[in-house]
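What follows is chain A paired twice: with chain B in the first complex and chain C in the second.
On to the complex of A and B.
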């Protein structure tokens, strides 16, 4: 890894100021960024650690009943602290990587990176979450803009994520056993306004909503409701772990499993 | 260079590190605590696991500068005060939970983290918790047995097949 200057500000405003420097990069838990830097795929001049920004750590519930999670909150903390308030989200957090990764990796880091096989994007999109940054609030539907691409501007930090709590939700992940990323993962959430289905790991455009399944499940929230639907293989990822057809098939299978598990 | 101070196995230590210095490099190269191993260097294998403020982390995927002010525990800090093996270490020996031993420091640190969170885990919970620790010798059976034994549970039913 190329060397860099390490800074660890204590407030969001100091972090934003530090990120204004040339070639500065924010560091969440580093579970993706550090391996990427070791491979010299990233070589920032300054690394701005967000782990010291206390106001960005923690889980609470706001007046609207939404679960608010600070951007620098680890997966392990989300798993533990949403277990009763939002079990579907807690279950997803508990499947990310492995225990040591969950002790370092953060929700803000995952959402800012928007890896096409990461788990959290499906929870944020599947819950219709709000991504809060140091400058604005972004609806999840507007936030995810393709593989490793988000609505974030240069130097913008995910400070908080707000999740409306559904009546029922579940995440089913078909694990790629070597990396423990999702070969395909589906997050299903049932709200009074309808059902949302978000798919990660499958598409070349990153996380997406499967609208046909949403319509069918909003009428009947059962695995049977999706069994006659099909997902086009066009645009699905094809690699040595699975063909586009295989991933398209997995989308349907994992959606059915998630609906059953959410009951 | 950045100056860091942390507690490692109960002792206060300081050093000057580059921004890019990994925690595992600081432990092994500066403090000469070479019990913590580097297996893959890509955060897959878990041989480098240590505890930072009581939580298991991969020391190859954490910057030394991030551990400034932290309480770090490595495999060198696991034995009892009189030098005898801890319950978990002894269980690994008793149940043949290691062969070449390369993954063992990480396995022991992970086992300790698990038993702190969940003092009586099921076999399935042990296996799930070991997802981030790779062993190429044992096939995991005896590691799982050792951890269950260390938790005080009966292990005769979990014979290696």
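On to the complex of A and C.
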């Protein structure tokens, strides 16, 4: 690890100001950034810790009934505090990494990083969440722009994520055996307006919505409804742990299981 | 009633108190005043010519003490290989030079190019980034079969080819085997890969070199399974330091699994550099470095043919194996696919004709050497897989086919056609025990339950044998070992009766500090707490060969028995003197010496005190003191064997395999500490399940390691494993060592992989996927799914 300065502001505006400095970088739980720095693959001059920004930590419900999660809220806290208000989301948070990772890693860090195998992106996209930053509100449909790529600008931070609460939802994660990130994970959420299906881990373009399944499930919310659909293997990730064909197959299997579990 | 001390008791492991409370003293815990830190700049490419190394900018960076490259090691020997294999034509294997730091060429990702020594590790790493290495990349040699074709790019320009050796065993049987296969009633053929593994001990390798200019003494602290072997190899072959000037200490070592047997370049570099720069030099491997610099294991590609007669008796076995050596020959690499593999190809069976061909090949990958089991898992895997396949092809029960071909108890000692003689065994007993433990009779009902849940259940059977207690020195000498493989023990009885036992074996998880005192205490009839084990320091223990190949209790324990017998003999003489009786009448029981048939006795402590305060002592007959050393050289290997049986469940939608039940019924001969033996089997089974389902060291075609971290290399975790049911009540004691012990350290890693794969294939066949005759390990969900849908 190279040397760096460390600052721990208490407000969003101080954090944003600190991030304006040369080669400054936000630090959430450090579960992605610190290993990268230890490998000397990243070398920010200043780390701006967000964990002391009180207004970015915690879970509440707003007047519209949306669940609002501060950008620096840990996975463990989300798991605990949405257990009754949004069990599908709580279940997803509880499947991220191990207890140490969940006690440090944050929702803002995960969404900013947008790892193609991360869990949260599927919940945000599958719920049609709103990503709130220090400057604007971004619809999940516009936010995820491919592997490790988001709509965030330089120095922009995720301060809050707002989740509309569905009638039923579930996340099915088929783990990559080594990392236990998602080899393929599917988040299914049923709203009055229709069903959303978001897939993570599978595509070379990162998290995506499986619109065919959404249409089928919107007319019949049963595993059977997706039984005869298929996802093209084109554009799926192929690596040591699974071929594109295998991942395409898993998308369907996990979607069916998520629907069954959501009932 | 179970014993609470001595042989057969299960006292808790005394070493665990310090390990579990963070009080262990590992090599990285050793910090010497003034020590500097080393970082190795390693090759990022698999194969390339080094045109130049510019260290000038790096040398002037803050904190830099010294930067060493190959030219600083001129006059220093290469890293030696400890075993020379002779090929089918009587020629010595091809043996390339293995320089301490890359000379002219880099040959695998991780090959060390420069050693940067600085006041702090971070400064050393900073400076390493400033070194400019000019490398022209060459085509990497990756595929073993392509590597030995004419005109293939060579890993070592000065060798004739990439073929290290072409070994045939038993060469004289070659034609007879061909003939037997040609005329057989049935031949089952199987092609398979024994997947490359990374050992991954919990503690990565560490070396601290120290030099005392006042006395010209060197000390190396290192994470080794065999400090004396390192002293000999490094002192005599690399640095030219005589033994009396070189001390090697391997303190608490956090797991080895084979990967810490070998002498590594970093050990020599740190020792050498300590004198060069006048400061102790410490290197601690990072986990990432361990993946590319610790010797890997396995990596065989094999075709095996099993011939059977009309009565289903095995008539011949022929195997054709390509064994990956990696870029250089690691210490014992050549012996693994040959003498530790070919000699086990008879398994538990009476096959009369066997021919094993092994082509060892150099590739641009990290060197490959022994990993838990070493050669024996590769032999067992092929054999137990091909037998299962044969049973399926012939429509017979796989357990019955094994029983039909087992060597029977009245056939021992049994000379196999592959040069070894099994002393004892009862394979029907272990297989029957295993089948009972798994409740084979209830399998069909459980399979029906799985089916009702949409899952496919299979029963996987394997029976293994291994050769442990390595090894008779004269025999291994004939086979090419450049070392003897005896073990040593010094029993030092102190004046007040406590005992320090110095052993040349080394504990790095095996629990020696607990088991060995049980043996000595049993012999002397004194309390185990009076006995401590000293190991891991060449300045304290007699020359010994260390711990691997399940040899510690069989060879090291036997040495301890011999030394303790000498102690008893001398102590009896002293007791006879004190009791004014004849030595022949002295009996040792419960820690006291008595005169047979009388109530006259003298306590252990009185005898030991007399030995060191010899006021009333037979000085004219014996010397004072009570300390004896024995070197034990075994007359044969030991042959543990056992049944490894499992039930697996396959999820047909995803291909995921769950191991639901796992039983092991082993014959380890006599057992010293059953609890420790359970633990050894548990660990071995976990590693075996790791190899079968999870672990895969994979390279891409450019020689880049695809599984270079735990993000991609799957270690087995507790939730991947079922509860294990382990038994060692089937006992045929070893006939040729004093304890009747056989060794248990590797059994789990040997017996488990074929059991798991056989179980998965069984599950698929029962569900109608009869086109799947084999799946290569690891049986990841993706591979199982692809096989089912292929």
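Heads up, the rule we're going with is that the second predicted complex is superposed on the first by the 263 of 263 C-alpha atoms of A that agree within 3 Å, B and C clash if a C-alpha of one lies under 4 Å from a C-alpha of the other, contacts with A are read in each partner's own complex, and residues count from 1 in each chain.
The working rule: a residue touches a chain if its C-beta (ideal position, glycine included) is under 8 Å from a C-beta of that chain, and two chains touch if they have at least 3 such contacts.
Computed from a predicted structure; not experimentally measured.
Colleague: Check the residue A:25 against both partner chains and state whether it touches chain B (first), chain C (second), both, or neither.
Modeller: Touch partners of A:25: none, neither chain B nor chain C.
Colleague: First (chain B), second (chain C), both or neither: which does A:246 touch?
Modeller: The answer is second: A:246 touches chain C but not chain B.
Colleague: Between chain B and chain C, whom does A:40 touch in the aligned arrangement: first, second, both, or neither?
Modeller: After superposition on chain A, A:40 lies in contact with chain C alone.
Colleague: By residue count, which of the two partners contacts chain A more extensively, chain B or chain C?
Modeller: Touching more of chain A: B.
Colleague: In the superposed arrangement, which partner chain does A:134 touch: chain B (first), chain C (second), both, or neither?
Modeller: neither
Colleague: With both complexes superposed on chain A, which partner does A:1 reach: first (chain B), second (chain C), both or neither?
Modeller: Both partners.
Colleague: Identify the partner contact of A:222: answer first if only chain B is touched, second if only chain C is, both if each is, neither if none is.
Modeller: In the superposed model, A:222 contacts neither chain B nor chain C.
Colleague: After superposition on the shared chain, which partner residues are touched by A:51: those of chain B (first), chain C (second), both, or neither?
Modeller: The answer is first: A:51 touches chain B but not chain C.
Colleague: Which residues would you name on chain A as touching chain B in one complex and chain C in the other?
Modeller: 1-2, 178-179
Colleague: In their shared complex, at which residues does chain A touch chain B?
Modeller: Touch residues, chain A against chain B: 1-6, 8, 27, 30-31, 34-35, 37-38, 47, 49, 51, 76, 97-101, 103-104, 178-180.
Colleague: Okay, in this complex, where on chain C does chain A touch?
Modeller: 122, 125-126, 129, 288, 653-656, 694, 696, 698, 706-707, 710-715, 780-782, 785-786
Colleague: Which residues of chain B touch chain A once you look at their complex with the stated criterion?
Modeller: Against chain A, chain B makes touches at 2, 18-20, 22, 41-44, 46, 49, 52, 55-58, 61-63, 65-66, 68, 110, 113-114, 129, 131-133.
Colleague: Going by the contact rule at the top, pick out the chain A residues touching chain C in the complex.
Modeller: Against chain C, chain A makes touches at 1-2, 39-40, 174, 177-179, 239-243, 245-246, 249-250, 253.
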